[in-house]
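The following blocks contain the structures, represented as structure tokens.
The two complexes that follow have chain A in common; it is paired with chain B in the first and with chain C in the second.
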Partner chain A sequence: MARRREAMERLASRAVQIGFLLALLASWYAATNFWGVNHLLLPNPVAVFHQLVDVLKTGQFLPDLRVTATEFAAAFVLAMTSGMLVGCFVSRSRYWVAVFEPLFAGIYSIPIILLLPLYVLFFGLGPASKIALGTTISFFPVVLSTIAGFGHVDRTLVTAARSMGASDYQLFRYVLVPAALPVILTGLRIGFTVALLAILGSETIASLAGLGHHIVQLAESMEMARMFAYIAFVVAITVLLNGLVSHLEARGRRHE
Partner chain B sequence: MSTGEVAIRIRSVGHQFGEAGEARHVRALADTSLDIVRGELLCLIGPSGCGKSTLLNVIGGLLAPTSGTVEVAGKPVHGPMPHDIAYIFQENALLPWNTVDENVRLGMLFQGVPKAEHAARAQRSLEAVGLAEFADHYPAQLSGGMRQRAALARALSLQTGILLMDEPFGALDEQTRMILGEDLSVLLARTEKTIVFVTHSLGEAAFLADRVAVFSARPGTVKKIIRIDEPHPRNPAFVTSEKFTTLRNELYALLHDEIRKAVGSEAPRGRRGANGGAP
Partner chain C sequence: MTSIQSSGVATTARPREGGNPALDSRLRGNERMKAARAFLLRHPGIVRLGAVIVILLAWEIAARVFMDPLFISPPSRVFASLGAVLHTEGVPNALRLTFFELAVGFAIAVAIGLPLGLALGLQPFGRRSFMPIVLLVYGMPKVTFLPLFILFFGIGPASKIAFGVAHGIFPIIVTVVAGVQGLKPILLVSARSMGASRWHILRWVIFPHMIPSFFAGMRLGLSGVLLGVLLAELYVSTAGIGYFTTMFTENFQPAKLFGLIAMLAAMAIVLNEIVRRAEHRFSRWR
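The block that comes next holds the complex of A and B.
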């Protein structure tokens, strides 16, 4: 019974969430059709939908998607490997943790997006500056969660493995990594989200290509309906990706 | 017990945590010497903080003592000796992300048992503790008692001569403790392992041990050794016998003063004030 009530409650809150989004869409429609809001500021949702269908049908988004996806993949892979490697090494000594953990946490709390002008100077307007920014931003959640993960391994497990003769490698592979993994996965999910944010954001600020770049171009040429279609497209992709990553994270921590 | 051969030789072992003068300085163990005979079950019992777990960690090579030496099977202990000694901790020493069977196999992998023997040995040790049907369960799916059985199975699969148990049933309820104690007694009669068992429970010590080493308050050392001549496996009826009651009372009398001493040093100030500061 309790389980059924829980399911009902979940269904009810889902209904409210969907209802909220529908209400938003309806008021958007009403605003543009009946309340006289300027179509140059807010295009009609039906027009946006037609544009979206056109964008998808013509495959016009492909070159920009390719640029953005490449930048994002490069940034995330770089941040993931460097963050986990640095985190691993720092975790090897309590002293290094005491030195670097507050340092990384401090840098993470400043708005790293401010480095973008510098990176554009260093690396130019192309993908390199976007990759650099994405990597910098998502490095910190990864490295911090790696340090936190290795820092909170149950000492009894380590002692028990040592007493049975586990080598350094075995201890790492069978005890430390699985113990730290749930926390590291959370860091990877956050790193994933902020990397995507950084890539798209920096594309809208200073770039030559990519989905963010294209959205700004459409805004500048006043093609509002098409711009909204692109935004909807990007939102759909990020929702899908974030859902996928959350699912992977949940699978990784299923034994907790 | 029959041969009288010494399995663990403890000579003037003392241990302190921190340096003298530091706030965290504690003299846990003072000048303890003890011979543990092959095949016996020796219980270490004493007030909290008397250093009995410290001594166990020293024997197991998990802690280097500040003074003194320990020899296991004639070899001085300088670190873990996985081929001679298996350890059972109070709780939570199973890897939660591995099944019971995987936990047992990992123990053997760490110890260096050839892969080909893993399956059979895991199966046998799980059967010995009555957990064969739960081989594919995760620790979180088991009760506290079953988790300790799994930990025992892992230790048995390592086929060491010595088993060190640090309050293994300490986190369990009274009934579960009793049953596990009985099973351990049966197991012990079969395997002839040397077991050093740290416990808080007088009844557990009296029921399980061939000898009980009673520790004094901190810094702890062996105050008295009591021999319990009762063959393993011990009958549950032993608990209700007069012999058991006498033993338990004797242990209680020995411990009582030491526990008073240990608790007295931590007694709340208000209590002393109420007595007008009189000693």
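The block that comes next holds the complex of A and C.
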């Protein structure tokens, strides 16, 4: 009985979700078709859908997607390797953790997007400045979580492994890494999300190519329907990627 | 008795005072080193400060000797240019306007996010229905919508405030919901069984329990609003901060650019610190 009620409730909340989204879509349609909202501000959802199909069919998004994806991959790989390396070295001694952890945490609390004008001046409008910004922003969550992961391994585990004669490598491979992995994975997920945000943001603010740049161009030439289509495309990609990364994180945690 | 004791002290003290002066000074130096080491071990903050100073020095030397002065300025020159930046026409106004946008955006984000979070947190059905949508929107990179915000709200403060709110409101909702959810049902049940009214439960049970998560939400919300406002400020290059960063970049005035950014960073640090202190202070009762 209780289980049945629970299932009913889950069904009801699904219905509310779907109803909410449908109502949003319907009011969008009504606003553009009947209530006379200017099409330059809000394009018709049907037109947006046609544009989206067109964008996907012609493959016009491919060059921009390639630029954005390359920048993102470079930034995330750089941040991941440097962040985990620095984190490993710092977390080798409690003292260095006490010295550097507050420093990293302090810098992390500044909105690093402020560095973008400096990077543009330094590296130009091309991909280099985006990669630099993405690396800087996602370095901090990775390094902080690596320090937190390795720094807070239970001492008894380490002592027990040592007293059973574990070598340095064995200690690292079989004790430290499994114990620190969940925390590090969370840091990597956050680093992934903020790197994506930094790349798209810096493309929007100052760039020559990429998906963010394309959206700005469409906004400036007032091609609203196509711009909405591009926004929907980018949002769909990021939501998919974020979901994928969360899934990987959950899987990595289960291996503990 | 006393004489024997004093002579004993003298004999033990003897090697330290006398004999080989070189060895003696080395011993004392060693002791001083040890004391310095112990002092540094007790105060990692000093080593941290040293690291920052080393970085600044490296930057100073690199900027003066190796790099093109059109692209990078040494920290000393940046510091000296702070006054010039403040005297550039329009900069104080732009900074003041950014601060105003931050304050208004934060107030709106809290004013909407807090009741929404409370409502979602206290209503299991509402939470199960709407939390997935909130989390979905929270996870979206809202920066792709930035050109839309500018088209809808113009290049003035309205678009920046709106974009700041869009960034700040979701962390507030999510943390408040999590805080209310963490409330033990037994507390609610016992309060009700002792005859507490709805208002009493809200005031004396839910509210005190929410304070830590409320302040955590405020902190996350503030950094969200900061990010949103700064993104929008940097995007609009015809007015405000974005205008000046673009101008300083295009005219190759790195000292002024660094100075302006340092001021904004200082503003962010001070605001963060205020909220962090408040969070720490009001979470102590636990």
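Rule of thumb we're sticking to: the second predicted complex is superposed on the first by the 238 of 256 C-alpha atoms of A that agree within 3 Å, B and C clash if a C-alpha of one lies under 4 Å from a C-alpha of the other, contacts with A are read in each partner's own complex, and residues count from 1 in each chain.
Here is the rule we go by: a contact is a pair of C-beta atoms (placed from the backbone, for glycine too) under 8 Å apart; a residue touches a chain by one contact, two chains touch by 3 or more.
Being a predicted model, the structure only gives us computed values, none of them experimental.
Because the two structures share chain A, they can be overlaid on it, and in that overlay chain B and chain C fit beside each other without clashing. After overlaying the two complexes on the shared chain, residue contacts for A:Q170 are found with chain B alone; chain C is out of touch. Between chain B and chain C, C contacts the larger number of chain A residues.
Once chain A of one complex is fitted onto chain A of the other, the partner contacts of A:S82 are absent, as it touches neither chain B nor chain C. When the two structures are aligned on the shared chain, A:T186 is found in touch with neither chain B nor chain C. Of the two partner chains placed around the shared chain by superposition, neither chain B nor chain C is touched by A:T70. When the two complexes are overlaid on their common chain A, residue A:L157 makes contact with chain B while staying clear of chain C. Taking the two complexes aligned on chain A, the least Cα distance separating chain B from chain C is 14 Å.
Shared contact residues on chain A (touching chain B in one structure, chain C in the other): none found. Note for the complex: chain B touches chain A at residues 60-62, 80, 82-83, 85-87, 89, 91-93, 95-98, 106-107, 109-112, 138, 140, 154, 158.
In the complex of the two chains, the chain A residues touching chain C come out as 9-10, 12-13, 16-17, 20-21, 41, 95, 98-100, 102-103, 106, 109-111, 113-118, 120-122, 193, 196-197, 200-201, 204-205, 211-212, 215-216, 218-220, 227, 231, 234-235, 238-239, 242.
Contact residues of chain A toward chain B in the complex are 154, 156-157, 159-167, 170, 174-175, 178-179, 255-256.
Every residue of chain C that touches chain A in the complex is listed here, in rising order: 41, 44-45, 47-48, 51-52, 71-72, 125, 128-130, 132-133, 136, 139-141, 143-148, 150-152, 223, 226-227, 230-231, 234-235, 242, 245-246, 248-249, 252, 254, 257-258, 261, 264-265, 268-269, 272.
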